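Dropping the structures in below, format is structure tokens.
Two complexes follow with chain A in common, the first pairing it with chain B and the second with chain C.
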Partner chain A sequence: MTTLPASTAKKLGLVIDLDICVGCHACVISCKEWNTSNYGAPLSDMDAYGENPVGTFLNRVHTFEVKSAGCNAQTVHFPKSCLHCEDAPCVTVCPTGASYKRVEDGIVLVNESDCIGCGLCAWACPYGAREMDAAEGVMKKCTLCVDRIYNENIPEIDREPSCVRTCPAKARHFGDFADPDSNVSVMTRERGGMELMPELATKPVNRYLPPRPKADISGDIDILAPLLAPVPENKGGFMGWLDKALEAI
Partner chain B sequence: MHPAPSVILFTTLSGLGFGMLFFLGLGVPEISGWTAFGYFFIGYALAVGGLLSSTFHLGNPQRAMKAFKQWRSSWLSREGVLAVLALGTLGIYAAALIFLDMKLPVIGIIGSVLTVATVYCTAMIYGQMKTIPRWNQMLTPVLYLVYMFAGGALLTRQVPLAALLLALATLVQMLHWVIGDKAFVNAGSNIGTATGLGNLGQVRLLESPHSGTNYLLKEFAYEIGRKHAAKLRIISVLCIGLLPVMILSFSTGGYLTIVSALVLHMVGLFASRWLFFAQAEHVVGLYYDKHRA
Partner chain C sequence: MTVHQPDLDTSAKVSDEIRKTTCYMCACRCGINVHMQDGKVKYIEGNRDHPVNKGVLCAKGSAGIMQHYSPARLKSPMKRVGERGSGEFEEISWDEAFDIAVSWLKPVRENNPEKLAFFTGRDQSQSMTSWWAQNFGTPNYAAHGGFCSVNMAAAGIYTMGGAFWEFGAPDWDRTKLFMIFGVAEDHDSNPIKTGLSKVKANGGKIIGVNPIRSGYNAIADEWVGITPGTDGLFILSMIHELLKAGKVDVDYLRRYTNLPQLVNTVEGSAEFGLFLRDADDKPQVLDRATGKLVAFDTPGIMADMANGYEVDGKTYKPAFLVMAEKYMSDEYAPEKAADRCGISAERIKAIAAQLAHTAFKEEITIDQPWTDWKGEKHDKMIGRPVAFHAMRGISAHSNGFQTCRALHVLQILLGSVECPGGFRFKPPYPKPVSAHPKPHMGVTAGAPLNGPHLGFVRGPEDLLLKEDGTAARIDKAFTWENPMSSHGLMHMVISNAYAGDPYKIDVLFMYMANMSWNSSMNTTEVMKMLTDKDENGEYVIPKLIYSDAYSSEMVAFADLILPDTTYLERHDCISLLDRPICEADAIADSIRWPVVEPDRDVRGFQTALIQLGVRLGLPGMTNEDGSAVYEDYADYIQNHERRPGVGPLAGFRGKDKKGKGRGEPNPNQIQDYIDNGGFWIDHIPEDGTYFKPWNAAYQDWAVERGIFDSIQPYVFEVYSETVQKFRLAAQGHGAHQPPEHLRAQLDMVMDPLPIWYEPFEQTIVDTDEYPIHALTQRPMAMYHSWGTQNAWLRQIHGTNPMYVSGEIWNEHGFEEGDWAWVTSVHGKIKVPVVKMDALNGKTIWTWNAIGKRKGAWALDEKAPEANKGFLLNHLIHELLPAKGDGMRWANSDPVTGQAAWFDLRVKIEKAAAGDEIAQPDTPAQKSPVGRGPQDITYGEDF
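Up next, the complex of A and B:
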């Protein structure tokens, strides 16, 4: 089980649009809510109401600033979860076979009843996608909401990962990268979807769409500036007289 | 990387134990009866004690037996399988030697080869990690093996050989540091490749994803010990090899000099193994902007 499949029938994964993400963390919260109450051990919090709360999350949003000479600094919100790599190093290091990549759809999962909590898979993952649950002592990771996407007990519109379903800005997309005509494949092709840390040759399935080039606004104060022109102080006519009279009282 | 005491104890003690068992399996020194029992007891206590301490950092140690299954792909699993084979094979050799006064050299040699293979697997658990460039170098398995042989030679009281191997261990350790210090930069991962934003300009973390700490920061972004790294390296170099070699050069193989050299060597070994973890940077730190060149 710990050896990787040579190929998978589907390559399910996410496209995350860094141009659109507003950094609201709604995906973080909905992921935690769905995954703490469904598949596998709950995502525990330690000292949840105390001074130093620490908890298990499968999805986290970092915020970066990008600066280059002559341009305005750009803020990029950056959600990060398991990339369901084709050459997943977390799978091959597992001594028990608890970590595996599914042949049918490429999802990387942990069989928690086999996990000894050695943490080696988290060491092998460059992306910080795996977190050991402090209460259960087993490794937790994104399941691509495997208990939603095939779930016939929920409405069809909800059969996508919780983070995708909840994103208010529609910055997250779910689909099959093995199908060249799927929504995610088309977006990746058209927008130059990026792999994270390609130098480590993990072949991540998830792709990130880079922020679009920003318009050059140097010189213009604001395109709304004309609308903000000051209102003349000396109004004539009856309204002007009323304004002055009221002010004099 | 977080220097977990259980892992430091495991790698150092089991290395010493397997080193000792390696020489005992080769029939060095010539021993029999209760003397042999004493030697094997120490070897087994170190090796098994080390292996047991490694289970203390597991989240679910009751399932540890499942770790023997995936030897095809996992160095950790291979280490477990080979450790059991090595200890079992040498157990037969030791029992025959101690209780029947019978030498089974072929079994002893097989057992000794298995101890080397076991320690090689231990080293490769770390050496294979592309995510931790300092460990992902050829010298990592060499380092573990040379420590194993040096400690083994010392524990089996082979004075000239132990001195030579201790000097060699010091040299390999220093080389490992020199190569390791440049490894992160040479590996080519930086905050630009981690985020894919490098071609847009200079990237820095504006806001962390969480205000407190988490598993990743505790496990992979250990920073406390780095300020003492230089001092600890000097202590390591002195204790791993220099001082023990000086003591051994006056030694005729008496217990007092051997034990004092061993104690010093172990101090150096613990310090260097602590640094092995504490100084190792994981690429996930890039997402938290922890690596500043």
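Up next, the complex of A and C:
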């Protein structure tokens, strides 16, 4: 089995804001197009134009309906990719050492030349974040665009994961959770960023910002009601108001 | 095992070169950086400098690689060799293709140009294609607006000189309350997402009004699951509340709208409802200071809105009072609207109160002095930070025009149009009706049409009717059936041509419009119309030329195919003359250019059109010696002048490349755009960025740039005299009279102030039998039918279940995996169903245009799109059901002719377990491009 580093210098990861994710799949496809022609084997699409097209994606968006008493049902879009866990069970389960967590930044990667495609890591991951590439027979997963974030051939402003750079709703943020003053740490603190399934003790690095409460049946009616009180008759009613309004100009 | 960490190259080369062009995966026109390696497209990302997307890119945009390398790309011109609809073609040369086209079109032009109907779909080169059609001489030209969102566009132009999207946008940085009606995914795709994010980041609130809680409505702070077709009533009911409470911006209305103008109140007279005008034909207002009549644009006056005027025994009232009386009546009370809209009276009041609160209690100011067109100086800019956006959900109804008008009027009453925090126009908008052309129909054999096809009528005298009262256009645009049909009615062309009503045509020529499939109502019947033969064994619609880049369903029905390029292989201009990409504080335009050359025998459609025009000897395209004025579209883009100094591209004009908007052609202009990142932008001066229609600094800037030729006074037409003129005609006044059977309908719908009426279909069908509303939405990750050929996108939306509300689901005892029959008064489909609770209880819906015909788009015949996917279109007819008066009425808005897709009423029943194939199951078409490859591993070369 493979060993995890005792600690990592940085804890790079993502903050995903569920309050603004509109479920557009921009991140899904941008991830696919970057990663299919960069680090590692391409992300294949089997039966691409056929009856059952199945491709490898490192990031997917799931849509859920949430129902609670007294509220209208809500729709929540939930993007999901590798969470780069500190206690990553996908690494420790790997029989060849192909899966590893980087000491310098905590990114969990697969060394494809050592991967035998046994699939144990995918079984071990409680989040379903790893996908076996059917054409290549190796395990694929989110690399946090390790070939972008340090890449000196890319303008500095673009040295972030492809999914973050492309997100039209700015629902995705990239940074170092080991730094308490980083953008992602601050956002997590201020917005109550959540771990996914903390009870499994995998210590995921990525955080999700929960949707803000929705005001479906507005509680503001009473507060704002006086605003819409009809102009009283003793003030000349509507015409009195109009006259006054015109005079005031 | 110990930690084993390989050495990684984290700084690998990304690409050989970045080529900056414009996306065309939908109509939003984002800037893209196309990374090229070894001559192939490796990666596409958003262009950070681009005004539209500022670096971001949606799923469609990133999937452009798969569209560019799609196996469905057509390879060569083709002529039909089998029966229409079969898909049997033979590849031919361009010379042969042009010879065939000329042999069909030349006699038409020489004898009767109206026998050509030329309609383009989702292209964005309408200023060029309409110029071609005008030079050909046919009156029968339009693009797809009539089945898309003409209600929104026309209502906007007639009310305030523009609508949403390319006309204007919310002031995202400053708005505090944003309300979005009837939008799933739409243009502006990326800017809306980014804007919503800004509103939230700034602590603002979003209210989503939509029967379906997906996408933008899912993240809205408040969701209003309105009953389809009732948005107008909801809006007018809020206007009722705002007026009663005096929560409208009186100063704004007095200055910037026509509400102070005096309206004739003498019922029954020929001038009833028209403005009192002076000898110069200028509408009159009362000056509150002097009590005297003055022209509305007189500097220094204070227009009254509270007092009427009597002259020669006729009483005139300010339009404001006419409006107030109308909307303050109980007819519009929230209590009356609640049941119909499916929104409680309390909630309607609460939302109106929020609008009022934000507009008037959270007013914002910018310390920016400015001067208005009357010369009056303002020391600051006052903002009412409420903004709106709306699109197809409210416009694709038979009451859509007036509903869209109602929304525009609501934002005007709040004083939130063109102010900080409100809705802002993008130049060249706003552009009043008077600045738009009128439609033209003057046909002369062998000569151009006497003016532009489309435009904005100002009264019954502008309708396009022949002397015998029949329609001049094949789509019957600008007739009494739909007088203000500014975008034409593309959805009526095939059925009218088939029926020979108003006349028969000889050649139907279409571009980039899937009219035999998802872009037509009544799809099965339309396929029959395209394939039906007359008693001589000839096709009823004799000749059909079609241009598309891909093997779409429509290809199978064409006699001659002109294959287009992909968007990465072509020149284009996103022009100020057409549908520009301007921002609220800048004018901008952009280009596409071939970042890769086609590897097939295909040509950009516009280039093919120019080359065809030369072979036909069309004016403007042909020199006296018969040679070509323009070699191709790129040549046209650089050198064509619409007016002296004004051409398709506004930037880098003149030999010194310094011309902005105006200037001589620059022979190197396209390269200058490429060097500038594919676009050009020019900002409005700081003191001209708000209150633009009335702002002298903006107007001076706009005149300099050729946006308009001289400064004109500007008021919003809350009260539409144009609409009233049609109503007067319906009441028997004037020289131009509607046919008797249309009088009552026109009298009802042509109200000079926005009204709400019940959508037509539900007034005819038995709503006890058909109790359910059925809708479609466009998915964010797919644009119409183009996405299905895309190997990546079809994995997101390969099927489209019918989403059924929890209420209907339970009532019918549906279970997971069930199929259902959905029946309208017109047709029946069998579809898979899925439960959805975040949905109006009386509504079912599905994704638009996922269902495919077998054999199309290079998909396997077993593809889920062709077996489980379906079209709602089969349930929708272009005509309403018979109502017993001996006539068939159009299933469209009676003002603009917009297709009323969303009026549909249906019933649903569980289908017996069976083959899980959607019905109707259209037989396959033969694919002229074969089937796509089995497995792909794109990127393995890099």
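Following the convention adopted for this analysis, the second predicted complex is superposed on the first by the 214 of 249 C-alpha atoms of A that agree within 3 Å, B and C clash if a C-alpha of one lies under 4 Å from a C-alpha of the other, contacts with A are read in each partner's own complex, and residues count from 1 in each chain.
Everything below uses one rule, namely that a residue touches a chain if its C-beta (ideal position, glycine included) is under 8 Å from a C-beta of that chain, and two chains touch if they have at least 3 such contacts.
Keep in mind that what you see is a predicted model, and the values were worked out from it rather than measured.
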* Asked: After lining up the shared chain so the two structures overlap, which partner does A:Thr3 touch, if you call chain B first and chain C second: first, second, both or neither?
  -> both
* To do: Identify the partner contact of A:Asn183: answer first if only chain B is touched, second if only chain C is, both if each is, neither if none is.
  => neither
* To do: Check whether A:Pro211 is in contact with chain B, with chain C, with both or with neither, and answer first, second, both or neither.
  => both
* Asked: Touching A:Trp241 in the superposition: chain B (first), chain C (second), both, neither?
  -> second
* To do: Quick one: classify A:Lys67 as touching chain B (first), chain C (second), both or neither.
  => both
* Asked: Which partner does A:Asn38 reach: the first (chain B), the second (chain C), both, or neither?
  -> second
* Asked: First (chain B), second (chain C), both or neither: which does A:Gly128 touch?
  -> first
* Which of the two partners, first being chain B and second being chain C, lies in contact with A:Pro53: first, second, both, or neither? -> both
* Asked: Does chain A have more residues touched by chain B or by chain C?
  -> C
* Contacts on chain A seen with chain B and repeated with chain C across the two complexes -> 1-3, 28, 52-55, 57, 65, 67, 74-76, 97, 134, 136, 211
* Residue ranges of chain A touching chain C (in the complex, touch as defined) -> 1-5, 19-26, 28-30, 32-34, 36-39, 41-55, 57, 65, 67, 72-77, 97, 100, 102-103, 109, 111, 113, 134-136, 146-147, 149-154, 157-158, 162, 165-171, 211-212, 214-218, 220-221, 224-225, 227-231, 238-239, 241-243, 245-246, 249
* Structure fact -> Seen from chain A, its contact residues with chain B in the complex are 1-3, 18, 28, 52-57, 60-69, 71, 74-76, 78, 80, 89, 91-98, 114-120, 122-128, 131-134, 136-139, 194-200, 208, 210-211
* Interface residues, chain C side, partner chain A - complex -> 1-6, 8-14, 42-46, 48, 53, 55-63, 65, 71, 185, 189-190, 193-194, 196-197, 200-201, 213-223, 225, 241-247, 250-251, 254, 288, 302, 304-306, 320, 324, 328, 346-347, 349-354, 356-357, 361, 780-781, 789, 791-796, 798, 806, 836-839, 858-860, 862-864, 931-940, 942
* To do: Spell out the part of chain B that touches chain A in their complex, as residue ranges.
  => 1, 57-61, 63-64, 66-70, 72-77, 80, 125, 128-132, 187-189, 191, 193-197, 200-210, 212-216, 219-220, 282-284, 287-288
